[in-house]
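Chain lettering (A, B, C and D) follows the sequence in which the chains are written, and residue indices restart at 1 in each chain.
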Amino acid sequence: MDNPVPDYLAEVAEACASLTSGEPASYIPELASVDPDRYGVAMATIDGALYSVGDARHEFTIQSISKAFVYGLAVRERGLTEVLRKVDVEPSGDPFDELSLEDGTGRPRNPMINAGAITTHALVGGDGVSSAGRFEEIHRLLCDLAGRELSVDEEVWASEMSVSDRNLAIAHLLRSHGIISDSPEEVVSAYVRQCAVLVTAEDLAMMAATLANAGVQPVTGQRIFSGHQVRHLLSVMLTCGMYDSAGDWVSNVGIPAKSGVGGGIIGALPGQVGIATFAPRLDPHGSSVRGIETFERLSHDMGLHLMEVAPPARSVIQRSRVVGEGEEAVRVFELAGTIGFTGAERVVRRLAEEEPVERTIVVDLTHVSSVGGPARHMLLEALRRLRLDGYTVYLIDHDEVLPDPDPGDGQPVEQLQEI
Amino acid sequence: MDNPVPDYLAEVAEACASLTSGEPASYIPELASVDPDRYGVAMATIDGALYSVGDARHEFTIQSISKAFVYGLAVRERGLTEVLRKVDVEPSGDPFDELSLEDGTGRPRNPMINAGAITTHALVGGDGVSSAGRFEEIHRLLCDLAGRELSVDEEVWASEMSVSDRNLAIAHLLRSHGIISDSPEEVVSAYVRQCAVLVTAEDLAMMAATLANAGVQPVTGQRIFSGHQVRHLLSVMLTCGMYDSAGDWVSNVGIPAKSGVGGGIIGALPGQVGIATFAPRLDPHGSSVRGIETFERLSHDMGLHLMEVAPPARSVIQRSRVVGEGEEAVRVFELAGTIGFTGAERVVRRLAEEEPVERTIVVDLTHVSSVGGPARHMLLEALRRLRLDGYTVYLIDHDEVLPDPDPGDGQPVEQLQEI
Amino acid sequence: MDNPVPDYLAEVAEACASLTSGEPASYIPELASVDPDRYGVAMATIDGALYSVGDARHEFTIQSISKAFVYGLAVRERGLTEVLRKVDVEPSGDPFDELSLEDGTGRPRNPMINAGAITTHALVGGDGVSSAGRFEEIHRLLCDLAGRELSVDEEVWASEMSVSDRNLAIAHLLRSHGIISDSPEEVVSAYVRQCAVLVTAEDLAMMAATLANAGVQPVTGQRIFSGHQVRHLLSVMLTCGMYDSAGDWVSNVGIPAKSGVGGGIIGALPGQVGIATFAPRLDPHGSSVRGIETFERLSHDMGLHLMEVAPPARSVIQRSRVVGEGEEAVRVFELAGTIGFTGAERVVRRLAEEEPVERTIVVDLTHVSSVGGPARHMLLEALRRLRLDGYTVYLIDHDEVLPDPDPGDGQPVEQLQEI
Amino acid sequence: MDNPVPDYLAEVAEACASLTSGEPASYIPELASVDPDRYGVAMATIDGALYSVGDARHEFTIQSISKAFVYGLAVRERGLTEVLRKVDVEPSGDPFDELSLEDGTGRPRNPMINAGAITTHALVGGDGVSSAGRFEEIHRLLCDLAGRELSVDEEVWASEMSVSDRNLAIAHLLRSHGIISDSPEEVVSAYVRQCAVLVTAEDLAMMAATLANAGVQPVTGQRIFSGHQVRHLLSVMLTCGMYDSAGDWVSNVGIPAKSGVGGGIIGALPGQVGIATFAPRLDPHGSSVRGIETFERLSHDMGLHLMEVAPPARSVIQRSRVVGEGEEAVRVFELAGTIGFTGAERVVRRLAEEEPVERTIVVDLTHVSSVGGPARHMLLEALRRLRLDGYTVYLIDHDEVLPDPDPGDGQPVEQLQEI
């Protein structure tokens, strides 16, 4: 059987390819010369499957998409508290190259506008790092995310440097406020090099999938960000990634995203997929016209929206049965699915309501794929309370989805192999 | 066994009760007289379970929290396109009572600031509706959401009317731009009455749970909004609900929310829970101090954050086994859990890769709790393709999670009772 | 001989009449119906001569031009300190109907935008004055300034009241900040009536001439404002009178001015003339197109610009001669012209340098037309010092331009009739 | 006799010396080290007399005061039209180092904020001029204005260059908009050198007096700006020179002015005096505390305010008498004072009204000190019309205040020596 997913992508792509409005970025001479009609879409799952259509293997410069990853790197290296002292996380409602510095402090409004991105770039590397060393670290990060070695488009770098007055203005302004302390010329040069790293839509999809996968590269298995760092990064992408249309984007697409004037857009839906598009024609906000349409369709057609409500799950206690009889009778609760707070609440509620007459209770986790942190605490607490009520409790947990099952009373819950 | 969930809530509440900064809203004389130390928390699940601690049954005025629901009502009655012509959905970065009208058109920036809320209030009811009739509709909506009859605090209404110059200014300004056309005095009077509806934290939790439950009231089962309307409403709450700290809120809490100067805050996590807090001391943004802290802790401690990534689920194909032998051998795929796009992708990928030698394939949906719309299409398409490859396919689907299983080739897939 | 001044005005008018761009104010239905091609110019001197051409006797509504005079009235009644607490005097750079309230306090930026004008309107009249009584006072002021009874255009008033949402919004906003305390509806109604007072260009020229004449109506001789009040009022007109083009206006025209959407513009050049134009076609700022051109030409062609530097005056000591001989010889200094600080400085410098050998000094003021306050002090001080140096001093001052000539040493300077 | 003017200045200075609030500019290390209590006042008349008290001969850096003169230089070299394309003339309401660039074009709001001053600096010199050559021209201008050679404080220059990020940011921003085209580093370096030119309060008073004197240096007699250029420059100083308090300054002081963070303030009252103060303690706007107080007192006590209305002059026709009898009778009109448009209007009005029975008219200009351009035309026109009415006309004009008296009818008016 042929996998139908590429066919779905191709269908969406065909519908979007008809859009021919917008022009490639023209303020950077070298960017203006790209073929405006290139178009590629790629999607990577959190377990590393990769789908793509069109020009998804064509290289182009990553540009502002790098801002998201480098912000993550700054947070990883410096900690969120220190980074927040230098750059805020509020949507600015302004275009990407707007100054948008906080009155008085000069703190950029968020890391996705140029001022914020230059700031987070400059936060990378220890004190005293050279700008070359800083770029090296950033380059390493991007390669690790993509899972392959990426090169730099030296022509685009040189071209952008020839029109870098606005970025230099921003960098000088940041230094005047003490937000950065290094040479503005060197910072901008390395920042522009960061923007000139060459990627394909497939690379970007894999990089986005790393975010969707809570920071672990799906193919190489390398942990690049912690889950907590990713949660923060995706939050900032959601509110600030699409510049001055945060409300519109969250409402219409509902996927944390970031666009670049090179024509790329990435989106990462936590626990699900990383998506990337490449199409150089830009709208007046500097985002790819076909890219936006592609995301809207994928969100709408595939239900890939953060707010998409799965049809109410039936109880995660899939079955409750009695094995044996009389004094020997055992109550078996079969749980199923991925259990987070909400699922755990259902389990403990059921256990609290049921009060089985059998004196032995077995919780069967065979069909459970994972148990979140708070859910683990709640399940163990329920087991503890059942014991206090006089029950003898056992687990069936071949896959150790609930490892080290100590409810806190010093007596780990015993395992049964089967019942 | 006692349900431990109330204990968890009580623990969080105890930690937050120590916060004594902030003061009740003082610009409305009647509001200033509330007991500043009241504090209640309530949580309602999408299947109608309700937990609460503290003053969760104490009545207070709903105030700005009503804005979210009335916006939903306007969208339900007029359609999103017409509503967007009158009010935008972008975060304003401004305080709640800021004018924040779009240059030229006078369109309010979003429906959560007063200007936008007065506009959406005025959009309710057919043309020619009286302001009393409009209030009646809104009151009906709020009662339906709460699942009980709600009254109005006439003293608070009168008190707020005595200091309504700012709202009158806004309403006159809106009429000067043609955004509203009715008498500003009547619109403001009914709008202030909407804000004076009395609710408890338990009511609000249930109202929020209705949003978490895709628009269906968990207890009464009444469908109040469509899933699509809820998705849009939650998106707007996420970016605009907490006024000028959207980025901070999404990053720290990650729950679509709305606060009111009466001291309430609601949050709705799609597919999971509705949460409400009541604590009259407000921060300088006009949001409850203890309420915000409560949400931050619940989000952090319970993993109730939109971006919270569940640990990667194992394949939704839980088991693949062969029943029978030789020519009679049948390949059985057991699926499990809630299957959305991502899960369906895994299934079809596995089916595409495996190419079983057995000529009969059975897909067992016994452990599947639901199948989303796009997932349904993908599964059916996979079945169609398997047939094209020469396989005979069957479903086991006692609970009809995949009803009407016609892959589009005119031959519905046959059901087996067991295997 | 025919006076050539009307011919000069006619020449300027003819040049400006060719301008046909712009349209009459359209936001007030009644104003939109005026004949757009009416055009009149009037000029009044500070001694009451009146020149005019074209439709200078056609009545139209005074509109925003009233703001300047009513601001003066508020300052006259309340004192500048109290008025400044309610309205600032900084150019706003905003259009006339912009809100432009100071953050926090709600104080309008200046009295020439609507918010400031409504505020100063409401400051007129003692505490507890009715809105009718307040209008009566304002009407009285305008009649006194014009030197005749003025009526109100009730149609324009009613028409403007039918589209008064923006002004009502402003008034409510002002009351919400405690800037005004009366009923917004009554304040706006009386304010709009103030704007609907009917005047002609000739009236306005005379009203402006009253300001040019330091507050004394040139024809009736009534003192309406003190010199100090006028100085302040003209300063505010200069920086705020032409809305968002203060710099351009001061540079190109250099005459304190105020425009109204009825098509009028007034200008007052201190000590010289009052000018008024009437031409209903307005530019995008709401000022009369022909009116602005007329002012630019008058300023340029007639040298009527505040910064216009008169060719350096020769010494105000026009002649120094000796009368008599030997011991009887007397030194006579003949002064001439209007003597302010600068002139007085020249006189005292000359007296300090000269050290006449004659022991008697006569200062002849016959050709002096006036002596300003500081100049008076300086001249008297010089006379006192001459006495200290041993001179005997006399004045010739038939017109008493230096009345009560006591240098402070207790011995008034004696007068000579002639020499 | 001793000249009392220095005593007046000393009196004012003594009153202001008690002010000890504010601190010297601290953002430039070298400036922070000045003696904060230095205080000098100087005043120069348009005929070159110079008064001063206190530290008026102490050298300090000119800083932003140079902006006014360099703007004049740019206008002189490029013409106003070309300069306006690069920098506007509207008050910004912003602090001195605010960016305040026009949306879209990047044009600075006015030449008195840093962005505008850097722009006008860069406009000086022909195309291709080196930055050293540009500084040389500017230095020459400042020396010519002061009437002596001025040096540069190299320590202050180096100190300011070490904290020049904000100015570099502005310059890069300007180049990104195409407002300047030279190297931002070189432009800023030369601009900072312009600010580091050393002057004394006496120098500045003389420089200001050059503006008061319509562009002619009072002592050297060198014409530095045309009268038209000065009129424009003074207008811009009036509305933009004192940063964000234009309205307040015009109302309270009414003298075109410019302040610098070095502690200096200049003011120029057209046709009267140039004033300068030096006192390093600055208010939060960056203007000298004692300097502002000094200007307010001088304006108030000496009547040195643009809007100060001289007491209405008596008719400039000082005397009308008849000489001779019968057919030989001659009507003599004696004019007096400085005759501008207003004075000329009075003369021609009187001539038009009087219709003397004598057939010969003599206009005696002996007591007239000057006749402005438009006044000249009006007087000659009046003489022409008198001739048309049949009169024979003569002038007495020993000082040639009305040179080349040809009324346009081809017959120059004849002169009489006396009558």
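Here, a residue touches a chain if its C-beta (ideal position, glycine included) is under 8 Å from a C-beta of that chain, and two chains touch if they have at least 3 such contacts.
All values derive from a computational prediction rather than experimental measurement.
Novice: Going by C-alpha centroids, which chain is farthest from subunit D? Tell me that one.
Specialist: Checked the centroid distances; the maximum from subunit D is B.
Novice: Between subunit A and subunit D, what distance separates the C-alpha centroids? Give it in angstrom.
Specialist: Computed value for the inter-centroid distance: 63 Å.
Novice: What is the distance in Å between the mean C-alpha positions of subunit A and subunit C?
Specialist: That gives a centre separation of 67 Å.
Novice: Please report how many Å separate the Cα centroid of subunit A from that of subunit B, as a whole number.
Specialist: 22
Novice: Where does subunit D touch two or more other chains at once, residue-wise?
Specialist: Subunit D, residues with two or more chain partners: not present.
Novice: Taking touching chains as linked, do they make an open path (line), a single closed cycle (ring), a hub with spokes (star), an all-linked set (complete), or other?
Specialist: Chain contacts: single closed ring, each chain with exactly two partners.
Novice: Spell out the part of subunit A that touches subunit B in their complex, as residue ranges.
Specialist: Where subunit A meets subunit B, its residues are 1-5, 8, 45-47, 49, 88-93, 110, 212-214, 227, 230-232, 234-236, 238-240, 244-248, 250-251, 254, 256, 270-273, 301-314, 318, 336-338, 340-342, 345-346, 348-349, 351-353, 355, 367, 369-370, 372-375, 378, 381-382, 385-386, 388-389, 399.
Novice: Taking the complex as given, what residues does subunit B use to touch subunit C?
Specialist: Residues 99, 163, 165-166, 168-173, 175-176, 184 of subunit B touch subunit C in their complex.
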